[in-house]
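Working notes for the structure below.
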Amino acid sequence: MSFPLLTATAALPAVGAVATAAVPAARRTAAKWLALLVSLATLALAITVLVRFDPGGARYQLTESHAWIADFGVRYELGVDGIAVALIALTALLIPFIILAGWHDADPLETGSRRWRPTQGFFGLILAVEAMVVISFEATDVFLFYIFFEAMLIPMYFLIGGFGDRAHAQGEAAASTQRSYAAVKFLLYNLVGGLIMLAAVIGLYVVAGNFSLQEIVQARASGSLHMATSTERWLFLGFFFAFAVKAPLWPLHTWLPNAMQESTAPVAVLITAVVDKVGTFAMLRFCLQLFPEASKWATPAILVLSLISIVYGALLAVGQRDIKRLVAYASISHFGFIIMGIFAMTSQGQSGATLYMVNHGISTAALMLVAGFLISRRGSRLIADYGGVQKVAPVLAGTFLIGGLATLSLPGLAPFVSEFLVLVGTFSRYPVIGIIATFGIVLAALYTLVLYQRTMTGPVKPEVSAMPDLRARELVVVAPLIVLLIFLGVYPKPVTDIVNPAVKQTMSDVHKTDPKPSVEAAK
Amino acid sequence: MENLIALLIAAPLLGAAVLLVGGRRLDRVGHWVGTLLSATSFVFGLILFVDLLGKNAEHRTLIKHLFTWVPVAGFQADVTFRLDQLSMTFVLLITGVGSLIHLYSVGYMEHDERRRRFFGYLNLFLAAMLLLVLADNYLLLYVGWEGVGLASYLLIGFWQHKPSAATAAKKAFLVNRVGDMGLSIAIMLMFTTFGGFAFGPVLSHATEASEGKLTAIGLMLLLAACGKSAQVPLQSWLGDAMEGPTPVSALIHAATMVTAGVYLIVRSGAIFNAAPDAQLAVTVVGAVTLLFGAIVGCAKDDIKKALAGSTMSQIGYMVLAAGLGPIGYVFAIMHLVTHGFFKAGLFLGAGSVMHGMNDEVDMRKYGGLRTYMPVTFITFGLGYLAIIGFPGLSGFFSKDKIIEAAFAKGGTEGWILGGAALLGAAITAFYMTRVMLMTFFGEKRWQPDENGNEPHPHESPRVMTIPMIVLAVGSVFGGAFFSIGDRFLHWLEPVTGHSEGHSPVGAWTVTGATMVCLLIGVGIAWAQYGRKPVPAVAPRGSLLTRAARRDLLQDDFNHVVLVRGGEHLTRSLVYVDHTLVDGVVNGTAAGFGGLSGRLRRLQNGFARSYAVSMFGGAALLVAATLLMRAV
Amino acid sequence: MNPVNYLYLAALLFTIGATGVLIRRNAIVVFMCIELMLNACNLAFVTFSRMHGNLDGQIIAFFTMVVAAAEVVVGLAIIVSLFRTRHSASVDDASLMKL
Amino acid sequence: MSTTAVHSLWTTAADPISKIPAPKIEYGQLSPTLIVVGAALVGVLIEAFIPRKSRYYAQVFVSVVALCAAFAAVVALAADGYGTTKAHIAAMGAIAVDGPSLFLQGTILLAGLVGLFTFAERRLDPAAHGNRVDSFAAQAASVPGSDSEKAAVKAGFTTTEVFPLLLFAIAGMLVFPSANDLLTLFVALEVFSLPLYLMCALARRKRLMSQEAAVKYFLLGAFASAFTLFGIALLYGYAGSVSYARIAQVVDGTVTNVDPALANTMGNDALLLLGSALIVMGLLFKVGAVPFHMWTPDVYQGAPTPVTGFMAAATKVAAFGALLRLLYVVLPGMRWDWRPVMWAVAIITMLGGAIVAITQTDIKRLLAYSSIAHAGFILAGVIATSKDGVSSVLFYLAGYSFVTIGAFAVVTLVRDAGGEATHLSKWAGLGRRSPLVAAVFAVFLLAFAGIPLTSGFAGKFAVFKAAADGGAAPLVVVGVISSAIAAFFYIRVIVLMFFSEPRPEGPTVAVPSPLTMAAIAMGVAVTLVLGVAPQYFLNLASQAGVFVR
């Protein structure tokens, strides 16, 4: 058999994680470099996957399949479609930046015992998360997916609870209590979601007898596997609940602001830009494919919820005093768009949603990481503590502004394309919802510009007057992201070409076709 | 030849990139680089213009397909440019006036340490604006549309250390966003109606769609236009936008960007023609705005704000004309061009005055400047005559045509619109005369400011006066040049289409009436500001005056309803999120905790009570088993 | 006489024993009550053995006695050691661990 | 101890004595039990004849050898096919040698071995008067704090009797799940209970609590076994026999040669229902199901931690084995009567254990309540009443027992001046002081919580899957909910260990001897192997999933 590329892509960071964690306490820098190199190597592998993937080819490519737990009907089955490829690439792309951005975030303040190695732990955990995320993008076996979908909570949990911003208003003790609160909240929310999904997974096994995505989908299509309507709906809800928590969808979102607020900027990026994507991805791959009818049945409700997320998240972002919380609520609003696009059940909607996942990853990374650099300089997350930064650190301000403009999806930057696709896709089937969602773009402008105005413009605050501009390392982190934002905004075709076939497949799975225009003019 | 179109945009874009990324090392040459590149793109424009003139009217449309932008199933967005007479006109206006203002800025921004970035932004604006007018589909137009918005945001807020400037910039962007919402909805409607949004297909098949849909599209486009062109009800940002450096006000907020709305409506003429209701809405908006802006202009003492009001009102004229349909399109564009000349000239003049007066903007602190800065005086004066429509100058031709067309709409509508237009003309005459008198006539009213340095009014350097002169020339002869032999009409007709309107009153009557209004306006102004000296502090003034000073309370309305209301909404939502949404979850957790605490007490440490529970359990077990058998 | 009556007796004894366990404090007494319950079981076994006319029940009764004896050994050992440390054989005093 | 044999002796009393058939015992097939019992007796002799100094080593040696040998015997039997094809009832109907019994015996023996390691640990407590000490009292008889105790400590006495006791307990546990008549069941119950009662009282530190635990355990245990015995009596009365097979026949009504007395009692369902209910109750007491669970926290907390670990693991295994056999072999005929009841018990056990655990402050009590919750999960599998049900329970028990012993072994390491520091507040910041120990404990906690890639998840999945297959979907939902609740307090401990600042006067982590290390390592290994690649063991369990009738 050929070289197991997908396994390698997931295994490499896993091995790297162990190796990094094993680096002796004294050799902190070595651990950092090791982690960085591993993540870059993973990126290389991911790019190979991207190259080896043939958009015109079979639905799932580079597939691997081995027996694993026969008694549970579980096989070790990997395979990627366009959507997965795009997201794997995104993940592998972001991790090196995350590592680089967090270069000093985990340097130990005080030493517990000589064996206490926070730095090694930090970078090891990041790689562990990468490994698990990647494999859950690759898994075409429901059980395999579920295992890593759940397991990835643990390293995330330690990342959130164990490492936070250095300087804290109420001192380190208060900080650590708030951190652990955030971490526990994160874990419990997602664990509850996951356990409810577990019930559904078991139910699926009882109904289907195995966990292979493709087999089940084929069996359902051919009618050989019949699912009672009620059963299908219950199972769908079980799955969707877990994904909606992870995504996060209103009203299951409240863990995200706490988590992002308390964790360091790179980890916050890891949460929204990488881990949460698994949720939306899974909706697209598992909910729609396994339970097409139930998905259609639930669509109206879900669309309304996502609409609420969009507006609600944006409004709350406007009301925030904490930079990171603001970004978190902005992300909630964006996830609303993604989910709306998925369940609009149109090609534009779903391609847009997938594109949105990628773009949102990049744009949030850009904004959040710069915000992190800003916060690390002043040692405060409160917007009110800043002002006039633009004067003393123009480059920082500039990059921050570009990140912000991407967040408000300015045309010419990547997110615009995806957001517009989602809106068009939704509008063409649900005009009213589409129009209301469009209000989101105004609110997005509001919270972004208010943030920029309060922090960057106006008279220079004495506390920030000595603030240094971006350092080389930080520039290396931000510049590529910005270039990418512009490139994908001007020329998103490479991504859409990969994604479209997969979306086409999904559309046919749910037996949906795009609504036809009333005047056949463009043809 | 088509490739030049791309270069047309590429030149200023390159400039922007170089200047913004280039960093400090470019500080010394930056402004010249910027000016050079915008001039280059003007030259390209001229070459293309000549090329078009070479062709005969039908073939004066160049299409340049660059690459496919967003292909998703039925949704095909291309990066394609269309250069026809309409966009050509704009290209020349934009690059021409743009280059002049670049030149002017070299002098005006001389002492600003961030001049390089200023020119970067200016180039960025040019690129975006060119993209806007050259786009071949609405989505690409949308990119330019927001691009100019961004540039305007950056330039209004250029002096970011001034909170007022930062706020004004934010406000401008937000209000524009509301308009953009309209544009994006319009595009979605086009997609669902026509399956696409490229000019060709959409406009050629417009008539096939149901009128309801077309009206909807039209109204959404109108919303967009209102945002960009500062038309009621989205006009509130333009006045504050004057926080930006004066060249910016001249280029973006007078000559080019704010006219994008007119371009959009004229470009979408086919849709509006098929949707009379939408057209009516357009004319109403135009009429209201032209009066609104004029009235505001009368009350402002800040020279730039006064001019801003005038801009608003002049664009009102254009929108009105554009709303009249084929009888008005051409004149709308013509007025747009002439207005571009004289309004830019006026602003540059104002800038020159401020330049000489330590950036003083209050006209009540001017007076009798004609002797100190003759060139400014003359150029400004010519612009003044042009805008009030002094016979023979460009304003006269373009505005007169619009008034005629308004009457020609016929019916009561025609009378109302025409009347409004006439009234507008009178008020225009009044406030412009007021500006003129307060600035250049009477005796000097300026005093040393608090830290004692008295302004020494002086003429601006050559680099600033030359553009003013050029623009003055344009505003003197432009109108005549266009109108004689209906040059402009024939040039533009193939694109916009044209039909002669037949006004119930003869053309000369209209002209006469206009003249009368003009004289009345000037007369009143003279009576008020010419004969008796101008008080250095503004009198309390009538209710209307005070309202007008506050932009007819429109801002206050926004503040109370939108800003305050919004703040309350967000605050309450934050509360809800924390107590309700989060509270439910924490509540459940707490609930289990309490339950646990209560159950714990059963474990009281006494073996006998454990035995009791066992005994009870056994009893239950037995009972239950028996019960199961019983049922 | 109808052997069933012995069963009733056995049940009665068993209940008495159980009740004793629940209400008496002294560990020894509690323990005795348990022994009483065991013996009630023995009675039941023997009775049933008689009813079924096979000897299993009687054999089991012997086993039960042995087991009971073993329990006494262990139980007394524990109780006595507890008594020696606390100088009280009350079950309720032994309630250090709770909640 | 075959009653049928004796019976036949009486019925043929008329014949000459010479005709008495000698009972036929398959020693080979009973060898695991016999080996352990024998070793236990040897242990007793050692206590009697070997000088005190060398007793410890002798005892440890004998026990280890015995357990290994017994395990080898089990493996041999299984390999010989006694688990599957040759499964049958040995010792004249007293003992069943079949898949479940062999699997459970294997599990118990391994658990016992690991437990033994923790028993034998002598490096945690500081040496007293130059003598290494383990976690058992120097002299159980002496009053705590008395001169005699001091003397005993000075003399370096140690209660090496725990080893034979342990072996006896193990022997009882080996018989318990494979008992094939009620009498054997009862005797086995007592055989493994009595030594446990004793061992509970033998803690070196915190004697008072230890003795209290013993008393509570003993009294309640005896109380429970009295009920069991009465149940046995009634069932005997109903069926006229104590042999599983016979009772099953009577229950199914497939019995042949019905004599009038039997016909009479057979008609009386009350006997059957009462009897089975009381026996089941006795077993539920042993597995610590609500409402028969209340002894668990106190005893777990008071008993010496090694004993707690062993007890928590092995007792559950044995008791569930017996419960399975009872319900699947004896009472399948009345499934429709006991299933709903067991449903109720399972539900309140899962929820009760999980909920009460939330507010616990002592690590040992916490684990006790968690073990109650787990009993509930396992019951869900028992209720499935299918082959899957059996194998899933077997698998769960195997995984669970090692995690439990490992966890308690870790507890023994965290010590301060007063011995083990079991109060949660003292565990704050343990992750900073000794990341490795904390990490290991975290692994165990995650396994308890059923996080994927640990044995806990695989087991939970297997059990719930079986339950769902058996049509107990609501039970699965409840199980899921209570796992969510349970997750909360496991996480609390992890938070405490890793995210809160270490206390200056916090406990130290003792460096154990290879014995405890082995126990812990075994726990981790099993946890991960059963979590990542459970297939082999699942096969084993499913092959072993059939009871012989």
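We call the chains A, B, C and D, going by the order they appear; numbering starts again at 1 in every chain.
The rule is short, and it goes like this: a residue touches a chain if its C-beta (ideal position, glycine included) is under 8 Å from a C-beta of that chain, and two chains touch if they have at least 3 such contacts.
Chain identities (UniProt): A = NADH:ubiquinone oxidoreductase subunit M; B = NADH:ubiquinone oxidoreductase subunit L; C = NADH-quinone oxidoreductase subunit K; D = NADH-quinone oxidoreductase subunit N.
Since the model is a prediction, treat every value here as computed from it, not as a measurement.
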Tell me, which chains sit next to both chain A and chain C? B, D
If you average the Cα atoms per chain, which one ends up farthest from chain B? C
Chain whose Cα mean lies nearest the overall Cα mean: A
Contact counts by the stated rule: is the higher one at B-D or C-D? C-D
Cα centroid separation, chain B vs chain D, in Å, comes to 81
Rounded to the nearest Å, the gap separating the Cα centres of chain C and chain D is 24
Starting from the mean Cα coordinates of chain A and chain D, work out the distance between those two points in Å. 46
Let me have the rounded angstrom distance from the C-alpha centre of chain B over to the C-alpha centre of chain C, please. 97
Mind pulling the chain D residues that touch 2 or more other chains? 215-216, 219, 223, 227, 297-298, 488
Residues of chain A that touch two or more other chains sit at 188
Of all residues in chain B, the ones touching two or more other chains: 589, 600, 603, 605, 607, 611
Every chain pair meeting the touch definition is listed as A-B, A-D, B-C, B-D, C-D
Within the complex, chain B is touched by chain C residues 18, 21-23, 25, 30, 91-92, 94-99
Report the residues of chain D in contact with chain A in the complex, numbered from low to high. 429, 432-436, 446, 451-453, 457-458, 461-462, 464-465, 468-469, 473, 476-477, 480-481, 483-484, 487-488, 491-492, 495, 498-502, 533-535, 538-539, 542
Residue ranges of chain D touching chain B (in the complex, touch as defined): 215-216, 219-220, 223-224, 227, 269-270, 273-274, 276-278, 280-281, 285, 290-292, 294-295, 297-298, 336-338, 340-341, 344-345, 352, 355-359, 485, 488
So in the complex, which bits of chain B are touching chain A? 20, 67-76, 139, 142-143, 145-147, 150, 153, 157, 160-161, 163, 165-167, 170, 173-174, 177-178, 180-181, 184-185, 187-188, 191-196, 198, 201-202, 204-205, 208-210, 213, 566, 569-571, 573-574, 577, 581-582, 585, 589
Going by the contact rule at the top, pick out the chain D residues touching chain C in the complex. 1, 3-4, 6-7, 10-11, 140-141, 143-144, 183, 186-187, 190, 194, 197-198, 201, 207-209, 211-216, 218-219, 222-223, 226-227, 229-230, 232-234, 236-237, 240-242, 259, 261-262, 264-265, 297-298, 301-302
